[in-house]
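Labels run A, B, C and D following the written order; every chain starts at residue 1.
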Amino acid sequence: MGRMIIQGGIIVSSEDAVQADLLIEGEQIAGTLAHAVPRPDDMIIDASGLLVLPGIIDAHTHIQLDTGIYQTADNWEIGSKAATAGGVTTLIDFANQIKGKPFADALAARQAEAAQSSIDYAFHMVVLEPPHNIKQIEEDLESLLGLGIASIKLFTTYRPNYHLDDAQLWHIFRAMPSNMVAMVHCENDSLVTDATQRLVEQGKTAWTYHAESRPEEAEIEAINRVITLATLPVGRSKVYIVHCSASHSVFDVKQYRDEGYEIYCETCPQYLLLADSVYAGDKPEHFILQPPLRHEDNRRCLREFVQAGMVDVISTDTCDYSLAQKQANADFTKTPGGLPGIETLFPLMYTLFCDELGEPVTKIANLMTASPARIFGLYPRKGALQVGSDADVVLYDPEPEGTISHKDLHYVADYSPYEGMRVKGKVQMTISRGEIIYRDGQFLGKPGRGRFVPGQVTS
Amino acid sequence: MGRMIIQGGIIVSSEDAVQADLLIEGEQIAGTLAHAVPRPDDMIIDASGLLVLPGIIDAHTHIQLDTGIYQTADNWEIGSKAATAGGVTTLIDFANQIKGKPFADALAARQAEAAQSSIDYAFHMVVLEPPHNIKQIEEDLESLLGLGIASIKLFTTYRPNYHLDDAQLWHIFRAMPSNMVAMVHCENDSLVTDATQRLVEQGKTAWTYHAESRPEEAEIEAINRVITLATLPVGRSKVYIVHCSASHSVFDVKQYRDEGYEIYCETCPQYLLLADSVYAGDKPEHFILQPPLRHEDNRRCLREFVQAGMVDVISTDTCDYSLAQKQANADFTKTPGGLPGIETLFPLMYTLFCDELGEPVTKIANLMTASPARIFGLYPRKGALQVGSDADVVLYDPEPEGTISHKDLHYVADYSPYEGMRVKGKVQMTISRGEIIYRDGQFLGKPGRGRFVPGQVTS
Amino acid sequence: MGRMIIQGGIIVSSEDAVQADLLIEGEQIAGTLAHAVPRPDDMIIDASGLLVLPGIIDAHTHIQLDTGIYQTADNWEIGSKAATAGGVTTLIDFANQIKGKPFADALAARQAEAAQSSIDYAFHMVVLEPPHNIKQIEEDLESLLGLGIASIKLFTTYRPNYHLDDAQLWHIFRAMPSNMVAMVHCENDSLVTDATQRLVEQGKTAWTYHAESRPEEAEIEAINRVITLATLPVGRSKVYIVHCSASHSVFDVKQYRDEGYEIYCETCPQYLLLADSVYAGDKPEHFILQPPLRHEDNRRCLREFVQAGMVDVISTDTCDYSLAQKQANADFTKTPGGLPGIETLFPLMYTLFCDELGEPVTKIANLMTASPARIFGLYPRKGALQVGSDADVVLYDPEPEGTISHKDLHYVADYSPYEGMRVKGKVQMTISRGEIIYRDGQFLGKPGRGRFVPGQVTS
Amino acid sequence: MGRMIIQGGIIVSSEDAVQADLLIEGEQIAGTLAHAVPRPDDMIIDASGLLVLPGIIDAHTHIQLDTGIYQTADNWEIGSKAATAGGVTTLIDFANQIKGKPFADALAARQAEAAQSSIDYAFHMVVLEPPHNIKQIEEDLESLLGLGIASIKLFTTYRPNYHLDDAQLWHIFRAMPSNMVAMVHCENDSLVTDATQRLVEQGKTAWTYHAESRPEEAEIEAINRVITLATLPVGRSKVYIVHCSASHSVFDVKQYRDEGYEIYCETCPQYLLLADSVYAGDKPEHFILQPPLRHEDNRRCLREFVQAGMVDVISTDTCDYSLAQKQANADFTKTPGGLPGIETLFPLMYTLFCDELGEPVTKIANLMTASPARIFGLYPRKGALQVGSDADVVLYDPEPEGTISHKDLHYVADYSPYEGMRVKGKVQMTISRGEIIYRDGQFLGKPGRGRFVPGQVTS
C-alpha cells in the first residue's frame, strides 16, 4: 500500500519547528525526513510554505449535549465534521455518570452517540454522584482507568444535578488514583445562585444582566477552595481548573503550582478575545455562557498570562446551540449557556498569539496539542508527530487573511461569537490517522470513522 | 473619699513590667507612682512580690448559653463570680440575633440576663440571618456601632440555626463598616456533617469518636475560604478567626497577614494544653467540644506559634455544662460541646508560657488584656492600667505552686478538663472598677454590679 | 526637695496618648497621675494643650566628628545645646576604634570629648580594624558589653580607613555576642569608587554631579550582601541598616525580616523630605551627603514605607559642617558630606507624618524614642516615661505654625537643608533628668551635665 | 553516497523516547523513521536494545588549560579523543581574553589549539579585563556575537588574573547584549582568600584542609551578589551560575527564577557523587578542586534538586591534570585544582539518576544535550536529533554493569575521582557529523576533524 509524503512543510512540535518531509504509512507517522524519496504508489502532498502540525486536540467539548434542560443542536456527525474544518482531529468530550449505574454504562451510552464521529475522541467522566461508601469511590474511580478514562469532571455549581458538595469533592480527591486528573468547574454555587436570584427579584433577567449573575469572585473563591481541598494533607490530587475566565484565577493557580502542587489550568478563546462590553451590545444572547465574559482589562491580563506560560491548555468548552435556542427566551436564566467554537479554535489563537503578539507557533500549538495530550494521557499517540504517533496532521497555511463569518463555518449554530474578526491563516488540510478528511474546504471524512482513544496518565 | 494604693508590685502592661505603686481613685486608675504617699483615708494594699496586671479579659465566653438544644448550667451571677477567682474582670460574650427583630432587641435581651453579672461585659453580636436586602445589611451592621457593638460573630457550620452560606458571608463582609470586626467560627459544614454522619452510620457515636467527626481539614478549609471571601476585591474586612485548634490554621492566617490583610486569630488553653489522646482515655466526655482536640504534635506547634507572636488572643470559649449534662448520653452527637475554663485561663497560660517556656509575662498577659481590648474596641478603658482606665486590676502571686482541682473552682461544672495539672502562681486579688471583688479565695463582689462596656474600634 | 509636676498634658508613649499629670522626683519619673496634688515646694508646669513626650533620642549623630580629613565645626557643648532646642535628650554617637588599642581607649577618648555635653549620650563603637585572630574578635566584642557599648558600627565603604572587607564582616557577624547589634553603612565600595572615578575623569566634579557618584544600586547591593553574610548558617546576627536612602532598601529588609531574621532599618529626615532635584538647584553644596538624595518618587515611597511600619528608627546622621567648609571646594569629592539636623528632627517628622499625613503621634514618636532605646539597650531608662525612667521629657506645642530658618537654629552650620520648610508645632520645653534645660527658646542647661548611658540589649 | 541507518534503537530527545530508525545523510540527521528501507550502499547499524541519544555536550571544560601557573596534561587531541569514549560530541570550552587585545585574537589563538580536536567545539569568552569605557564594553561584547560567541565567563575570585570587581561585573551586566549569557564562577574572593590565609598561617596546607579553605558560604554569598547586580533595575541579564556545589545555591537560584529572572544553574558529577569525607581519606589530592566537595547531606539534597528540575545543566568542569601534577606538592595551595571527567559524565549520571533513582532518561539526557545547547545557542544544530541537526549521535547500551577504573579511561590523568564506582550501561558508539568516531572501545576519529560551532542565542 502506498504511503503519504507531506513534502517541504515546517513541521511543528511542542519544542521545535523544522522544515522536513513527513512520512505516513497507514494510520501512523512513519518518519520525518529531510527528503523522503517517493515510491511510485506514494501520495505526495506539497506542503511548501505550510505549517505541519499535530492534529489539534480540543480537550473540552460538549458535542450533542443534553443538560437535562437543553439539548445542543449538533450531534457527533455534525460536530466532528465541523471540527475537521478547524484542523481538530481529537475531541475530548464528556460522558455523564448515570446515577446508580456503573461508569461503564455511562461510557457505553456516550460511545454509542460518538459512534457517528468522523474523528477520534476520548472522554472525561462527569461524576454526578459519588457512591457514599468511600471504598466504593476508590474502586469506581480505579475502574475508570480500565475503561480508558484518565480524567474525571467535577462541578462546584449547577444544583441539583451537577453540584458536588465539599465533602464529596474531598472524598473524591482522596480516593482518586494518583494517575487520574480531576477537572473542576469552579464557581461558588452559593454566590452565583444568590447573585442570580437577586437579579430575578429585580426583574433583571434580560440577557444584558448575565455577567452580573456570576461574579468573578465566585470563580476565584471556588478555585482556592478546590485546590485547598485537593492539597490538604492526605489528598494531593492532580487538579485541572477548567475555563478560567478571570486572570486572577490563573494567578492563584500559579501560586499553588509554585508551592509544588500539580495543578493545571485552562482558558478558552472567548475569554481571550471577548469582553463583557458585548452584554451592552445588540446581540447579548450570542454571549451567554458560564462563566461569563469579563472586563476588558481582565482579557488583556489573561493574554499576558498565556504568553508568560501560566496556562496549560486552550480549549473551547463548545456548546453548539442554535440562535433560535439562544433567542427563545429573552431571559438569561432561560437561555442555554455555551458558545460554539471548535472550528475556529486554532485559527483564532494562531492569529492572536502568533500573528498579533509575536509568539512562536510551537509555543501556542503546544497548548492545543502536546500539552492536553500529556495531561489527559493521550500522548504520544495524539499531540505529536513522532514515529508511531497516530497520523493526525493539520496543514495550516499561515498567509491568507480572512474574516470570521458564521456562513463559512460548519457547525449548526447560525452565528459566531467571533463574527467579523480578522483571522490570519487557514486550515488547508486535515488528516486523521493517515486519511485526508478535510481539504481545501471540502469535508472528505465519513461519519463513524472516528475511534475512541483511551487515556492513560503515567505517574 | 479614700483612694486605693497598691504598693510595691510589678506593674505589667503589654510593653513593660515596672515596680511601682498603683493609685486608684473611685472607679479609675489615677496614677502610677514610684512611691505614693498615703493619705489617712487611703486603703493600702501591699503588693510586694506580686504581679499587678490589668484585669484579664476573656474575649470569647458563653455564659448562660442557650443553644436551642442545650442550656449551660451557669448563669451570669455564677459565671462572673467564677471569673473573678481567675482574675477576669471583663467578659466579652455573645448576643444572638433574634431572627426578624432588630439587633437592639437581641442586645436588650442579653443585657437583661447579664444584669446579674458582678463584672463588666461586652458583646459580640451573632448574626444568624442577615437581611436579604444588602442596603439593609449595611444599615443593620452600622446600627450595631451605635449600640456599642464593634464585632459580629459568624458561623460557617451548625445548620440550620447558625450556619451562614457563602453568599451571606460575602455580603456581610462587603457591607461591614470598616471599623467592625467579624469573628468567624470556621469549620466546613459539609465536611463535619459528612464525617459525623458516617460515624453515626457505623454506630460510632461513643465519645471516643468525637475528634474524628470534625477533621482539622474542615477548619483549615473554612479559614482559607472565609479569608478569601473577606479579602476579595471589594470586601477588605477585618476578620478574627476564633478558636484555632490546628497549628496549620495559624500558619495560614500568618500568610494572609503577611500579604497585608487585617486578619486576627485566637486560640484557647484547651488546644495548647490537651491533645486528642484524651478521647482514648477514661473520661472522653470531659473533652467534647468543637473544634475537638488535635494531635499532640499539633499542640506543640501551636505553642511555638504563640511564642512566635503569631496568635493575637487567647480566650476560653467557655461553656459551663455540668458533668451530668456531659454524661447524659454516651453519644458525642448528643453531648453538649464546650469546656469550662474562665477561672483557669490566666493561671494556666502563665504556668505554660512564663513558668515553663520562659516567656515574659508582659507578652503573655497582653494576649488576654491589651490585645483583645484593642481588637474589640475596649482599649484603653479595659486592658490597660493607664490613667483614666477602669481600675480593673489583678494581683497575681507568681510563687505558689498548686494543682488544678475542680473542687477549688467556682463555676458550676463539677469537673475540670485540666484536673490535676500543675499551676504556678495564683490570683490573690481581683479589683473591678476600684472595688475589691475577690481576695484570698473570698468572693466579695455583688451580682449586678457589672456594667455593659460599649466597644468602639478606631480603624 | 521639691518635685516637678507637669500638669494636664497629653502623655505620649509608644502605645498610648493619655491626658494626665507627670510627676518627676529628682532625676526620675516618679509617676503618672490623673491629678497630682502639689505640695508647697513642687514646681508646677502647665502642659495643657501640649504633648508630653519622652525626650527624643537621636540614634545616629556625629558630633565633633574628625574623619581624618574633615572636622565638623561643632563640639559637644554646641551640638548638645542645639539638640535641646529640638527636644533631644539623648544622643547616640560613635566612638572610633583606635587601631591597635583596646576599645576601652577609644571609648575613653570619646568620653573625654563628650564630657562637655549638656545632655546624655551613648556610643556605638566603630570597628575600623578587627583583630585578625577570631577568638580575639570575640573577646574584644564581648568586652564592649562590659563598657556599656551594645552596638558596633561597620562600614562597607570609605577605603582605606573605614572599609571592612567581606571576610572581616563575616567574622565579626559570627563573633558578635547575641545581644549586640551591628549597624552597617551599606554602600558597595567598588560601585561608588568606580562611579566617582568616572565622574572625576570627565571633570564632572561639580556638586551637581554628587548623586551620580553613589548610585542607589550600590546601597541595595550592599544591604543584600550584608544581610546574606549576617544570616548565613552560623552567623545569625542582629543587623541594623543605617540611613536607608532608597525605598527598595527598606523593601528588601522587610523581605528578610519576614523570613524571621532580626534586621532593623533606619532612615533620616533628609531622605523623606528632600529629593535629588536639589542638585540641579542653586545650592547643591548644601546637600552633599552619603548616601545622596534620591529621586522624588523614591521619597514618596519611602514615606509610605514609614507609614506602613517598615522602618524602625528615624535618626539624623548629623554632621555639622559650616557653610564655609561646604563651599571651600566646588568639587563634590572634596566637600565634606553630611547635613546638620538634630534640632529639626522631631518637628519636621511631626509635621510630615502627623500633621500632613495623619499618622498618630504615638506611632511617629516611637521611631525616635522607645524604638531606638529598645534596639540599642537604653530602654526603659531612656525612651519611656514610666516610673523609674530618667526624667527626660519634651513638651511639644502642636499648634504654632512656623518656617525653618537657619537663623533660628542653634547649631554651627549657618544654613539648613530644610530652609523655608513649613513646620507645625514647636518644642516648648526640654527636661533632662528632671532639670529644665531648654524653655521658650532659652537654653538653660550646663555644658558637662550630660552623662554616659551604657547600653544593654536583652536578647 | 551511502547513508547511515541506525536501526531499531530507542531514540531519546529531551521530551520523548521512541523506538525508530534514525537516518543520517552526510553530516546531518536526515530523518527518523518507523522502518527505514535500506539502499544497497547504506551502512546499517543495529541499535536494538540501545538508547540513541543526541551526542552529549559537555558545556564546561578546560582542555589544554594554561592558568598561568599550571598547564593541564592534556591537549585537544587527547581531550577530544577521551570525550568520544564518553559519547561526548561537543565541548564548550573557554577562550581567555588576551588583555589589551580584541576578543577576536583570543578566539583565534584558542581556535588554533582546538584545531587538533576530533570533535566539535564552541567557546565561552573569559572576560579578564573589560575596557574601562562603557561604550567600549558594549561594543566589545556585541562584537563577540559576530564571532560566534554567545556566552562570556566572569570570575568573582582568583586575584589577580581572573577576578572582576563588583563595578566591573555591574558594567558588564548592563552592557551585555540581551541575547548573551554571562556564566559566573561565584565564590566570594574575600572569604576564600581569608580562609586560605588562615590555614596557611596555621601550617594547615595539607590536602586534607582543602575544603575548609573555600567555605560554601563564599559560594552562596557570591551567587546572591551576582544575581542582585545582574537584576538591579537597569541590568536584567541572563546569568548562568557555574558548578554549584552547595544545594543552598541551587535553592537561591530557584527563588530568583520564581520572581521572573532568567537565571540558570549548573552542577557537576563530582558534587553529586562525592562528599568532603574524601579529604580525610588516603587520596585527598585526587579531589582538589574549586569549589571543593561538600558535606554528604549537601550531596543528597543536590541530587533531589536535580530530580526536582531545579538544575539546568550538568557539566564536568574538567581539568585534566596528571597525578604527578596533583602530587607534586603536598600543599593544597600549590596543587592544581580540577578533576578529569568528560569521559565518565554521561555514564555516571545515567547510573545515578536513571538506574538508581528511577528518573527517565529523557529528563537526564536533556541536562547534557538540549538544555545546554539551547542556553548557549547551539540548538538545534547540536543537542537534538531532528532533521537538519548535525548527526552527532551516541549509542548507549543500558545493560552492562561495570566499574570505573582509570585504566579503562582515555584522558591523561592516571587516576579517576570515581575509581571503583559502579556504572550501569556503556557507550557503544559515538558518531560525529555522520562519522563513527568511537566504536566498541576503539577510537576511530582523526585529530583535527572537529569544527568550531558558533553559538547564537535567540532571546
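The definition used in the following text is that contacts are C-beta pairs under 8 Å (C-beta built on N, C-alpha and C of every residue); 3 or more make two chains touch, one makes a residue touch a chain.
Just so you know, these numbers come straight off a predicted model, no measurement behind them.
Between the CA-based centres of chain A and chain B the separation comes to 52 Å, rounded to the whole angstrom. Chain centres here are Cα averages; for chain B and chain D they lie 63 Å apart.
Work out the mean CA point of chain A and of chain D, and you get 42 Å between them. If each chain is drawn as a node and touching chains are joined, the picture is one closed loop, every chain linked to exactly two others.
Chains touching one another, given as pairs, are A-B, A-D, B-C, C-D.
Those residues of chain A whose C-beta lies close enough to touch chain B in the complex are 165-168, 170-171, 188, 190-191, 193-195, 217, 220-221, 224-225, 228-229, 232-233.
Looking at the complex, you find that chain C touches chain B at residues 11, 13-16, 18-21, 23, 25, 28-36, 258, 370, 380, 384, 386-388.
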